[in-house]
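First chain A sits with chain B, and in the next complex the same chain sits with chain C.
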Partner chain A sequence: MAELREELKEKLIEQLSLEDVEVSEIGDNDPLFGDGLGLDSIDALELIVLLEKDYGIKLKDPKEGKAIFESISVMADYISKHRTK
Partner chain B sequence: MSDCFINGIASISAQPTTDPDTFLEDIISHKEAIFRSHDPNYKEYIKPAAMRRMSKSVKMGVTTASMALNNSGVEMPDAIITGTGMGCKQDSEKFLENILNNDEQFLTPTLFIQSTHNTVGGQVALGLGCKAYNVTYVQGAASFETSVMDAQLMLSEESEINILVGGIDEIAKNSTLLHKLDGQIKEDDIDVIKLLDSDTPGTVASEGATFMVLGAETDKSLAKVINVETISEGTPLEIKASIEKFILNQGLSVEDIDAVVLGNNGDVGYDNYYNNLQSSIFSDKEQLCYKHLIGDFHVASSFGFWIGCKIFETNQVPAILKVNDISAKKYNNILLYNQYLGKNHSIALLQRC
Partner chain C sequence: MIKEKYYISGFCSIKEKKVFKNGNQLYVDSESDNLKDFAKGIYKYLELKYPKFHKMDELCKLGFLASEVLIKDMKEVDQDTALVLSNKSSSLDTDRKHQESIQDREDFYPSPAVFVYTLPNIIMGEISIKNKLKSENAFFVTESFDAEFVSRYSEILINTGKASNVICGWVDLDNDKYDVFLAFLSKKGKIELTKEELNNLYNQ
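== the complex of A and B ==
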């Protein structure tokens, strides 16, 4: 799981162009939206695409993303349970 | 036509042009046929959260818009009008690459949103919270001038408004190379400073952005835009006649023109449009060129507006711009002329305030 969390942090930085952010600066339980990493609704759409493309998880309802993308830990947990690739 | 004044202007180009206290003092000597702009520290003008998604053209546009507004003292424009020949090419290419690489699936929103021609106008408006008139003109090498003409029309209806007008174009990996393949860009790298002496087809490609604030005369006014005209096509003789007619239509004669700023780009196939003017009606005028400094791109002619404003402001002309030995005694009327591949000719007349 620790490996997946690190992988997710790297993907987030690359996919969302977080140029000034280092992997070490993203805490496992930091909120990704709002006061934490400061992601916004466009980032949420990018993450939905990332889930499907890299892990084979297709969210039927985009609103599910709100809970899934709460933090790196929550995301990693969800991916490990639902991934198809 | 109502009076139209340039009350603030800023330009990013392949030369250091963002310092308001200098006028082409430190020249960068480019040695390639394709070269990028000289960038300011964009972080000084754009918040990191907003900047992370921005391509080069958006960064250049948002920054020069901010600088021009700052110069003019205008906080919120009443309209935003942008011109671009090719739009946001970098994100368009990335989006198309994703379509190909991912078999038309998994397309992300950011690249799509930012692949349109009006992205810069939209991003400037978003940054300012400006919900006013916002239009982008895509008119080849006359895109910037077309935007200025729209602003002039708006000012003729409502003279007390402030209009942010800009031109933006960027280099992108694939589409710029396509222009090399079709001969628009020179086959071999050259010393760009010597571009105007070139006797080969094609030009050199670069990128840049110029924004200006147009409105009624203020204590910050840099120049008066007497008029702007575009002509789709014409022979060198027809263009010469059109320029003479344009000057007469402003109630002036060729004798009243103090200096001409020309868009010569070293393309042996099309510089005859300029040469024909330089050896005839403008033979006794101070002649200035700039594409051997900033390269060519669809809104490169906007740099001519920046040069005109700087001349009025400083009463000086950097030697690097001069292509003949004549020096004007005064700078009251400066005429700008540009064309690309014999099409999209533009004529503009700037006057000292």
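== the complex of A and C ==
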């Protein structure tokens, strides 16, 4: 699981163009939206695409993302349970 | 309508790896071999702290950086400063990237972050958000920089009280070829606004 969390942090920085952020600066339980990494609604859509493209997880309702993208830990947990690739 | 005099109180251009402000070279980059790195270099030179910059497409970055150079030494920008921009290539540079992502039905993953930049007027949205502008804005696609049209349109905005100032100009990008010119128009300044003067400054 630790490996997946690191992988997700790297993907977030790459996919969301977080150029000023280092992997070491993202805590496993830091909120990704709001006061945490400060991601926005377009980032949320980008994460939905990432889930499908890289892990084969297709969210039926985009609103599900709000809970899944709470933090790296929550994301990693969800992906490990639902991934198809 | 009473014809008042308006002025070009500042201007900026980004061409051939160089940034100019009011005719003076402000920044040059002879090392970077792509636009992304060149834009990043200007961002660092200006000491900007605006993470959203890195998410913009290259066209937006150019317009955004030119606006930052233009207003660099101003204490504040009036909220009703209008934006009147134009270019030849619209958002074609990003349109192609989006098209590539939807070309293959078996590998169909369009990026929302790319898609939002498939309109050139997003440049004005980015500038407005950064400077908290609540103003008129318009983006025109023309074959070349039309100083007469842009200056007349801007004059009307000021003359009718819809704007106190106007940032106008040309922000064009296609396949790493870019040409950027912005001017700040207001009721004060040394260079009187005429289509000839605006054209001269663009061609400098």
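Please note the rule applied: the second predicted complex is superposed on the first by the 85 of 85 C-alpha atoms of A that agree within 3 Å, B and C clash if a C-alpha of one lies under 4 Å from a C-alpha of the other, contacts with A are read in each partner's own complex, and residues count from 1 in each chain.
Basically, contacts are C-beta pairs under 8 Å (C-beta built on N, C-alpha and C of every residue); 3 or more make two chains touch, one makes a residue touch a chain.
Every value quoted in this text rests on a predicted model; they were computed, and no experiment measured them.
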Looking at the overlay, what does A:Leu45 touch: chain B (first), chain C (second), both, or neither? both
Touched partner set for A:Glu22, first chain B, second chain C, both or neither: neither
Between chain B (first) and chain C (second), which does A:Lys53 come into contact with in this model arrangement: first, second, both, or neither? both
Could you look at A:Glu3 and tell me whether it touches chain B, chain C, both or neither (first, second, both, neither)? neither
Residues of chain A contacting chain B in one complex and chain C in the other: 15-20, 38, 42, 45-46, 49, 52-53
Given the complex, residues on chain A that touch chain B span 15-20, 38, 42, 45-46, 49, 52-53
List the residues on chain A that touch chain C in their complex, please. 15-20, 38, 42-43, 45-46, 49, 52-53
Chain C residues touching chain A in their complex are 40, 51, 54-55, 109-113, 116
Please give the residue numbers of chain B that touch chain A in the complex, ascending. 48-49, 52-53, 102, 105-110, 113
